[in-house]
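Okay, handing you the structure first.
When the chains are written out, they are named A, B and C in that same order, and each has its own residue count from 1.
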Amino acid sequence: MSDAEAGDVPIGGEDQRAPEFVDALVCTIEALLFLAPDPLTPQELADAAAADEADVVAALAALAERHAPDASGIRLRELAGGFTFATGPETEDAAKRLFSRPRAATLTPAQAETLAIVAYLQPVSRPEITRIRGVSADSAASTLLERGLIEESGRSQFGAVMYRTTTQFLKLFGLNGIEELPDVAQWDPTPEEQAQLRERLLRAGEARAGGGPDGER
Amino acid sequence: MTVPALDLDLEVFSGPFDLLLALVLREEIDLLELELADVVLAYLDHLEGRGELDLETATEFIVLIAALLELKSRLMLADDDEELLDIEPGEAAEELLERMLQARRFRSASTYLQELFAREAGARFRIALPPAHLRKAMPAPADGSESPSVLGEAIGRLLRMPPTISLRHISVQRVTVAERLSHLRGLLRRGRFSFEEAVHGEDRMTVAVTVFALLELYKRGEAWWEQDESFGEIAVHPLAGTPLRAQAAAAAVAPQLQASAG
Amino acid sequence: MSDAEAGDVPIGGEDQRAPEFVDALVCTIEALLFLAPDPLTPQELADAAAADEADVVAALAALAERHAPDASGIRLRELAGGFTFATGPETEDAAKRLFSRPRAATLTPAQAETLAIVAYLQPVSRPEITRIRGVSADSAASTLLERGLIEESGRSQFGAVMYRTTTQFLKLFGLNGIEELPDVAQWDPTPEEQAQLRERLLRAGEARAGGGPDGER
């Protein structure tokens, strides 16, 4: 569709609405609006740019013109008493295609480890996950929470938040229930060990963190 | 001021030396993060400020810092590096050179990165979520698109025990200048002796402390020493001697130290 | 500062570099780059805009011109293997005031060294970094992780977590890819210097021991 419009009448060089005079204040305001996720009032813009509010209002007018339809894919919008940039409606289809492209991004190594620990040991607390991994699992756990693959399930006796996997997790991994998780035996480096999985994971984690030369320190 | 009260202002720690020790022993400060050279420098500054050497304090300091150094070097050596402890001095120098060059390479690279970072200091990027209606367009991953074996493999990796190293042989040695003084005085009573005799079979720490004891004896006018050639034998004599000569000899004790410790 | 520059010579309407012909594709590309959190390749842009890659490349050139210094507070940058918008350095003072914090805290020497080792040797484990630096990289690595400059990339055969640099690193350091970093060997000392170093090392025992009693006399 953008292709179809590509041949549309250009905005002529002659009947330019204004000379392409873009002074420093306009550039600064443009940069601030580009960065800010929320609308900014002229007052806020003036404070940041160390400029008069009247000058900022004039700069906003210049910016609005610069970002007129057909001149730019970005528009200046006035919202809730402030100003913000938003994409123009004519770019909507392309934006939808951009965000709906299938993404290869699966689990990062840290996320896979964290998820595996939660899946096999649930419920399990964040400090326990960290002890097993030997390094912090905070950001991985947060991402898994956001993606709805794990959720909180009460608190440990020491007050730490416990995690378990979700229905969403089962769906993503094509499992009917947690009991369908594969038997660890086939990946177990020391299959003759009798101790509980949890206990062994903690022991290995502590050994990793505990100062072996190739531990985590 | 004693060693425990020695005030330190380091990158990872600021406070008296004994608190630092306590924190290291309680593993609240990572020994690997501590630049021990800075601790030594702080001590040397302190000595310079005082203008005189208190032998008891010096002994204590040497013992402590040496123990920390050994512990730290053990922590830093990987298993396969243990054999380095037995290699020839020439090979050790080559190995050390290789490591120094590598460290230097990346230190220079880090300066370059700092320059890049500074050059980009004015560029900011937009960090805003896409509008809600576009976020809805993002496809959710299909059911069953992840394989459960990913989880089993991850657990298998986590079950692996890392290779271990033993730190058992490391213990804080308690050797004092006072002990070494009485040892040397015992030898002096029998007349002339060699430094090698005085430290025969002892560890490096004891050798170092013996040097201090010897200096103390010299200061008190109880002994002097001579050495014919570098790395040669150091002969220690009771009492009367020429101070000038003894002072020159004091500097020569050091190579011997190296020889007897190696 | 923006005030001071406000009176600067404008870009004249007459000797405009090109007629202000801004076709729909340029607008679309502008909108996509505004929305995307990470740099986009011409191929990704072409897919989203349903356009030819060659046309996208031409549109990118037009966009770069539109966002030249003095014409806009926003620049088109080629970073981390794609195209993205970033603010111009002349707007940094205002941005700092608006967000009341510097764009990114500077790196300590320990962080910079750790980052250099990861950048050149990736993937590299923490114990390896420690061995090269001679001091532990734990807190430096944690900070770099928190700041999103490095990330985990699996474990070594000994179970140590390995690290690599991120897209964020490339963006903040103005790099299009890791291969743009100069050869690390360029900082090695000359063979003569190395020979000197070797000789000094062999004598080091002597020198070190000699400095002891002498220096503390």
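We adopt the following convention: contacts are C-beta pairs under 8 Å (C-beta built on N, C-alpha and C of every residue); 3 or more make two chains touch, one makes a residue touch a chain.
Just so you know, these numbers come straight off a predicted model, no measurement behind them.
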Chain at maximum distance from chain B, centres defined as averaged CA atoms: A
Central chain (distance from its CA mean to the mean of all protein CA atoms): C
Centroid spacing, where centroids are CA-atom means, of chain B and chain C in whole angstrom: 35
Centre-of-Cα separation between chain B and chain A, whole angstrom: 44
Between chain C and chain A, distance of the C-alpha-averaged centres to the nearest whole Å: 20
Residues of chain A whose C-beta touches two or more other chains: 31, 34-36, 95, 99, 133, 204, 208, 212-215, 217
Numbers and ranges of chain B residues touching at least 2 other chains: 30, 32, 76, 78, 124, 126-127, 130-131, 134, 157-158, 160-163
Touching residues on chain C, where the partner in the complex is chain A: 1-8, 10-13, 16, 19-32, 34-36, 40, 44, 47-51, 55, 70-74, 85, 87-88, 90-91, 93-95, 97-99, 125-127, 130, 136, 138, 142, 145-146, 151-156, 158-161
Residue numbers on chain B that touch chain A, as the complex places them: 30, 32, 75-79, 81, 124, 126-131, 134-135, 137-139, 141, 143-165, 167
Contact footprint of chain C on chain B as seen in their complex: 11-12, 30, 32-35, 44, 47, 53, 58, 76, 78, 89-90, 93-94, 96-97, 99-114, 116-117, 119-127, 130-131, 134, 157-158, 160-163, 208, 211-212, 215, 230, 250-251, 253-255, 257-258, 262
Touch list for chain C against partner chain B, complex: 34-35, 37, 75, 77, 84-92, 95, 103-104, 106-107, 109-110, 112-113, 115-117, 119-120, 127, 130-136, 138-139, 155, 158-160, 171-175, 181-182, 184-185, 187-189, 194, 197-198, 201-202, 204-206, 209-217
